[in-house]
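So that you can tell them apart, the chains are marked A, B, C and D in the order they are listed, and the count of residues begins at 1 in each.
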C-alpha cells in the first residue's frame, strides 16, 4: 500500500496526476473518479504509513481476543474509505467515502461493545458525524447542480452564485462535525472509549483530519466568499478556547490527548481560514507533524494502559525504568509536540506563529496560549508516567513487546528525521502538495533567525512548563464549562421527547379516534374541494316519484336509523335485516332484478350468520344519545358530504358510457340476453374471478379465526 | 334438536327442490336474472337449513366433501374455463350450439366459468355456516 | 404476449387453489408453494426484460377491446413492482420453509395459499388497467392480509387485526364511493380512458367532479399506503403477525398503495388535477411523523413499522415533485425499501427467536453469538439509513437531488432530518440487540441459531448490495419508468390503440 | 327522486359512521354492513335512475333498448355485494374471535398493540 502510494508520487509531483475513472451512477453524477494529486497522496502516505504501524501494534495490543481479526478487518475497511476521501476527485465519491469512514469508525469505536460507555461514545460519534455527512450530501448535490461539474479538479471558483452561502455553511457543518470543532467538539473525547490504537489512528492521525482536508479542498472554490475567513477563524478560535479549559481539567491521559487533538485541528482550520499561501504551507507541515507526534503519544498511552491498566495522571509514575523504550518514544514525540527543535513540530509551530502574526494580534495570543497548553499536555504524558512520584503501580509494569514498540518508535522517529531533513521533505512532499492546493510553496527551515515569533514560542514553552508545575492549583481554579455533550443530550432528548408526545397523541390506541380522524379529514378535504372547484350539483333534477320508490327509500332510511340507534343487539340485527329488504325493494323498483335477487339471498344469509353468531357476542346497551354529541356531529358531517357527492354525481356527465357498447354486443358477441350476467362472466370476467377469490379467502380466514385451520402442536383443549 | 318425521320429509324435499332450483338459476342466468352467484347462494341455503335443523355434522354429510375442497375445485374450474382460448385471448369465450332435436342448447365457456362461481359460492357459504355452527356447538357442549 | 401478463395473476391463484387441495399434506403443499413462487419469480424476470424491450405490454382480457373489457398492461413501473414482489415473496417463503418451526407443523395449512392469494392481488393491482379491477385486486390483497394477520390467533393479533380490518374496510368504502362518482361522470372504468376524459375535462374547465373523485381515491390509497394522517392501522398491527408475514406485508401491502398513488397522480388524474402541494405536505408530514414514532418505540418490529411510514413519505415526496428524475427516485426507493425493509423484518425475527423477545430491554448479545446475522443486519440497516454504497444511498441521494432540482428546500431539510433519525433508530436496535449483553447472563443465545434460515436473509442482503453497486443501470431503468409516467400518452396509446 | 335518494344515502352514511364510532365491536360490524349498503346505493343512484326497463335484451331483439337501465353499475354492485358478504363474514368471525380471546368486545380496551407506554405484555397470552 505504502509502495503504491509512493509510486504514484512521482507523476503527481510533475503535475500530471494519475487518475482512474469508471461509471457508477452517471445519471446522478456519481463516477468512481480517483485522482492521485500530490496533496491527496501526501495524506495518503500518512494514512498508509501510520496505518501499517497501527496494524502491527493492534494485533499485539488486542492479544488473542477473538475479535481481533474482525477489528483488523474493519481497520482495513476504514483505511480504504479514508484513502477514498483523500483521493476522490468526484465529489459524490468523496461523500460516499466520507460516509464509509463514519460507519467503520462507528464499529471500531464500539469494539468494546460490552462497555456501555463505548456504546454511548460510538453512538454520539456516529450521530454527530452523520449530521455532517448529511450536510455534506446536501452540499455536494447543491455544488454539483449549481456548477454542473462533479470533479473537484474541475470545479470553478464560486463567489457570485446565489447558493454559495448555503453550500459554504453546509460544508462547514460537515467539516466541523468531522473534525470535532466547536460546537461539535464533544464527541471526540467520548470516542476515546475505543481501544487505544484505534483512537491513535482514527482520532488523531486520520479520520478527524477529513474535515480539514475537505476545507483545504474547498479552499480554491469557496475561499473568495466574504464569510470564509471570519467563519473559520472564529469557529476555530472558539474551539481553541474550549480546548484550553478542557485540557486543564482533564486527568485521563487519553482525554488529554484527545482535547489537544481538537486544539490541533482547530489550528489547522484556522490556518485554512487565514488562507494565505504561507498559512496553507504551515497547515500542511503541521498536519504531517501532528500525525507524527500524536499517533505515537496515543500509542504510548496505550502501552501504559496495557502495562498497568490505568491512565489517570494522578496515579501514574516511575515507569521510566520499567519501560525504557516507551519512554524514549514518548520523549521524541513529546518534544515535537512542545515544538522544540530539532523536531518537525518546531518547524510547524514557527510557521503557524508567523502565519498567525500576519493575520491578527489577538489570534496570535490565542495560538500562543494554545501552544502553551500543548506543552503542558506533552509534559503530562511524558513526564508523569515516566518520572512521577506515585510509583506503586509501576511494580507490575512491564515493557511492551517489540511488535508494539517498533511502530511507535518508527513513527516518532519520522518526526525527528523529517525535522532534520527538511529540504528533501519539502522537495518531494510538501511543495507538490501545496501546489496542488493551488498556492505557492514556501521554503521550509528549522531556523529563521531571531524573530518575534521565536520569542513568542519561547514564552509559550516557559508558560507551559509553569502551567504544568502548577496544574493542581489551576485544576481547582478553572470553572466548569457546560459540556457540549450535555447540550447535545438535551437537544436530542428534547427532540425525542417531542417525538414521543407527538406519537402518543397521534397513535393513541383508540380505534374510535382513528376512524374519527380519517373520516373528518376525508370530509373536510371533499367539502373544501367542493367549495373551491367548480363541481356543479343539480338539485333541480326531477323525475316522477312512484309510491314504491318512495316507500323503498323511506324503508331504507328508517331501518338504517333503527340499526344505528338500536340499544340492544337483537333489534339491531332485525333492523339491519330490514335494511337489506329495503335495498331489495329498491332494486326491484329500479329495474335491477339480478341485484334484487342477490341482495335478498345475501341478506338472508347475513341475518342467519348474525343470529347464529350473536349468541357469542356480548350484548350491548347503547350509550345514551346525550353524551354522543361528537359522534353525532361527525356522522352528520359524513352524511352531508356524501349527499353533496351524490348530487355532484347527478349533474351532467361527460357524455360517454361504455355500457352502451355492452348493451349492443351482449347478445351478438356474448351470447346472452342478460346483460348484467354477460358483463359478469364475459366482458368483465376477471372481476368475477377476483370476487370469488375474495370469497374463498374469506372462507379460509373464517376457518383460521374459528380455529379449524390451525394446527397447533397440541390439540386445542 | 329432536327430529320429527314431518320435518324430516319436508326438509328432504326442500333440499332437493333447492338444489334443482339453484341449478336452474345457474343455467338460465345468462339470459334472465340468476347466474352462478345467486344459484350458489340458493344451493348453500339448503346446507344452511339442514345445518340449522340437524347440526353441523348433517350439513357436512350432505356436502360430502369438505367446503374448502369445493372452493379449490370451483376456483380451478373458473381458471380452466378461462383458458380455452389460450392462444388468442385469456378468458376468451368459446360457444358451441348443440342441436338436441327438440331444442338447441348453447354451451360456452362462460357457462363453465359460472359453474365455477356456483361451486365456490356454495363452498364458501357452507363453510361460513358450518364453521360458526360447529363452534357454537362445541361451546354449548363445553358448558 | 397475453400469457405473460396473465400469468402473474393466474399462477398464484392456481398455486393457492392447489395449496388448499393439498392442505392436509404438508410436504406436497410446501412443494406446490415453492414451485409456484419460483415460477412467479422467473416470470417477473421475463416480464421486465420484455417490457424493457418493447416499452409496454398489453392484453385485453377475453379479447374484448378496450375500454369495454378489462385491459392488462405492464409498463416499466408495473414490471419492476412485479419483480420485487417476486423477490420478497420468494425470500419470505424460503424463510418460512426453512424455519424449524415449520417442521413441527406449527404453521397453519392456510399460510401458503394465503400468501399466494396475496401475491395474486398484488400482481393484479400492478397489472390492471381498469380501476374497478384495481378495487377487486385490492380486496383480494386485503382479505388475504386479514387472514394472514390473524393466522396464529394470538390476542395481540386479534387486537391489531380489529383496527387493521375496520380502517381498511372504511377505505374500501371510500374507494367504492369514488368509483361510483367517477363512473357516473366519466362513464368508463378504463384508466387510460379516464385519463383522456379527465385531461379533456381539465381543458374544458369542467374537472370539478373528477377532482372530487380523485380526492376520494387519494384518501383510499393514502390509507393503504400508510400516509399521514391515515396510517393508524399500520403501527397498530404490523408487528403482531408472524415474522414472515410482517416482512411480506412491509414489502408488498403499503407499496401497492403507493403504486396506486403513483398511477392516480400520473395517469388517472394527470396534470394539476390534484394539488401537488397537498401531496408534498402529506409526504413530508408522513416522513417526519413516521420517524418520530420510530424513535419513540422500544420494540424491534414496532420501530420497523413506523419506519415503513416514514419511508412512504420519501416515496410520496418523489411522486409529488413529479419530474422524471423524482419519479425514478421514488421507484428506486420502492424497490430498495421492499428488499431492505423486508430483510430487516426477517433478521429481526431471527434475532428475536434467539434472544427470546422483541422488546429492546430484554435483548442483547447477538453480535457475539451470531456475527453473521449482525453483519447482515448492519448491511440492511445502513442501507435503510441511506449509507453508501448500499441501495438506500442511491434512493436517498436521488430524492435529495430531486428536491434540490426543484428548489424545495424545506423538503430537502425534512428528508435530511429524517435520514438522521432513521440512523438513530437503526443503531438503537443494533446497540440493544447486538452490542449490549443479554440481560440474562445465563441465557444460551446459540439455541435459536438456525443457519439454514440465513440463506434467504443473506440473499436479500446481497440484493441490497447489488442494487447499490449496480445503481447505474438500475437507475437508468427507473428513469425510463419515470419518463413513461410523466407522459402517459404512450400508455394510453398502448391501451386504447388510439388517442381519442 | 334523486334528491330523496341522495338524502337517503346521506342518512345511511351518517348512521354507518355513527355505528363505526361506537364502543362495541358488534356495532362496528353492523356499521360496516351499513356502510356497504350505503355505498351500493350511492353507486346505483349516481349512475342514474333514468331508465324504465330491466337490462335484459328482450326476446327477438338483438340489442338492449336504449331506455333500459345502465347494466354496468349493476354488475359492479353485484361484485361489491359479494365482496361485502365476504368482508362481513370475516368481520363477524373476527368479532367472535376477539370475544373468545380477549373476553370482551370493548373497543376502548383494545389498545395494547399500539399505545406507547404499555408495558403490560399481552403476548404471553398465546391462545385461548
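Note that in this section a contact is a pair of C-beta atoms (placed from the backbone, for glycine too) under 8 Å apart; a residue touches a chain by one contact, two chains touch by 3 or more.
Since the structure is predicted, the reported quantities are computational estimates derived from the model, not experimental observations.
Peer 1: If you tally contacting C-beta pairs, which pair wins, C-D or A-C?
Peer 2: Higher contact count goes to A-C.
Peer 1: In angstrom, rounded to a whole number, how far apart do the mean CA points of chain C and chain D lie?
Peer 2: The computed centroid separation for chain C versus chain D comes out at 26 Å.
Peer 1: What is the distance, in whole Å, between the centres of chain B and chain D, each centre taken as the mean of its C-alpha atoms?
Peer 2: 24
Peer 1: Give, as an integer number of Å, the spacing between the C-alpha centres of chain B and chain A.
Peer 2: That gives a centre separation of 61 Å.
Peer 1: Specify, in ascending order, the residues of chain B that touch 2 or more different other chains.
Peer 2: 31-33, 37, 68, 71-72, 75, 79, 82, 91, 93, 124, 128, 131-132, 135 - these are the residues of chain B that touch more than one other chain.
Peer 1: What positions in chain C touch 2 or more of the other chains?
Peer 2: 13, 20, 23, 61-62, 132, 136, 139, 143, 146-147, 150, 153, 162-163, 166, 170, 177, 180-181, 184, 189, 232, 235-236, 296
Peer 1: Mind pulling the residue numbers of chain D that touch at least two other chains?
Peer 2: Correct list: 20, 25, 28, 38, 40, 42, 44, 46, 48, 54, 56, 72-73, 78-79, 82-83, 86-87, 89-90, 92-94, 96-97, 107, 110-114, 116, 127.
Peer 1: How is the touch graph of the chains shaped: line, ring, star, complete or other?
Peer 2: Topology of the interface graph: complete, with all chain pairs in contact.
Peer 1: Of all residues in chain D, which touch chain B in the complex?
Peer 2: For chain D paired with chain B, touching residues are 54, 56, 78, 82, 86, 89, 92-93, 96.
Peer 1: Okay, in this complex, where on chain B does chain C touch?
Peer 2: Listed in rising order, the residues of chain B that touch chain C are 68-69, 71-73, 75-76, 79, 82, 85-86, 88-93.
Peer 1: Where on chain A does chain D make contact in their complex?
Peer 2: Contact set of chain A toward chain D: 500, 503-504, 507-512, 515-516, 519, 538-539, 541-545, 549-550, 553, 556-557, 560-561, 563-564, 569, 572-573, 576, 579-580, 583, 586-587, 590-595, 598-599, 602, 605-606, 609-610, 613-614, 616-618, 620, 622-623, 628, 631-632, 634-636, 638-643, 645-647, 649-650, 657-660, 662-664, 666-668, 673-676, 679-680, 684, 687-688, 691-692, 694-695, 697-699, 701-702, 705-706, 712, 716.
Peer 1: Flag every residue of chain D that touches chain A in the complex, lowest number first.
Peer 2: 1-28, 30, 33-34, 37-38, 40-42, 44-46, 48-59, 61-66, 68-75, 77-79, 81-90, 92-97, 99-100, 104-105, 107-108, 110-118, 127
Peer 1: Taking the touch rule as given, give the residues of chain B at its contact with chain A in the complex, in rising order.
Peer 2: Chain B reaches chain A through residues 29-38, 41-42, 44-45, 48, 52, 67-68, 71-72, 74-75, 78-79, 82, 91, 93, 95, 106, 108, 110-111, 113-114, 116-117, 120-121, 123-125, 127-129, 131-136, 139.
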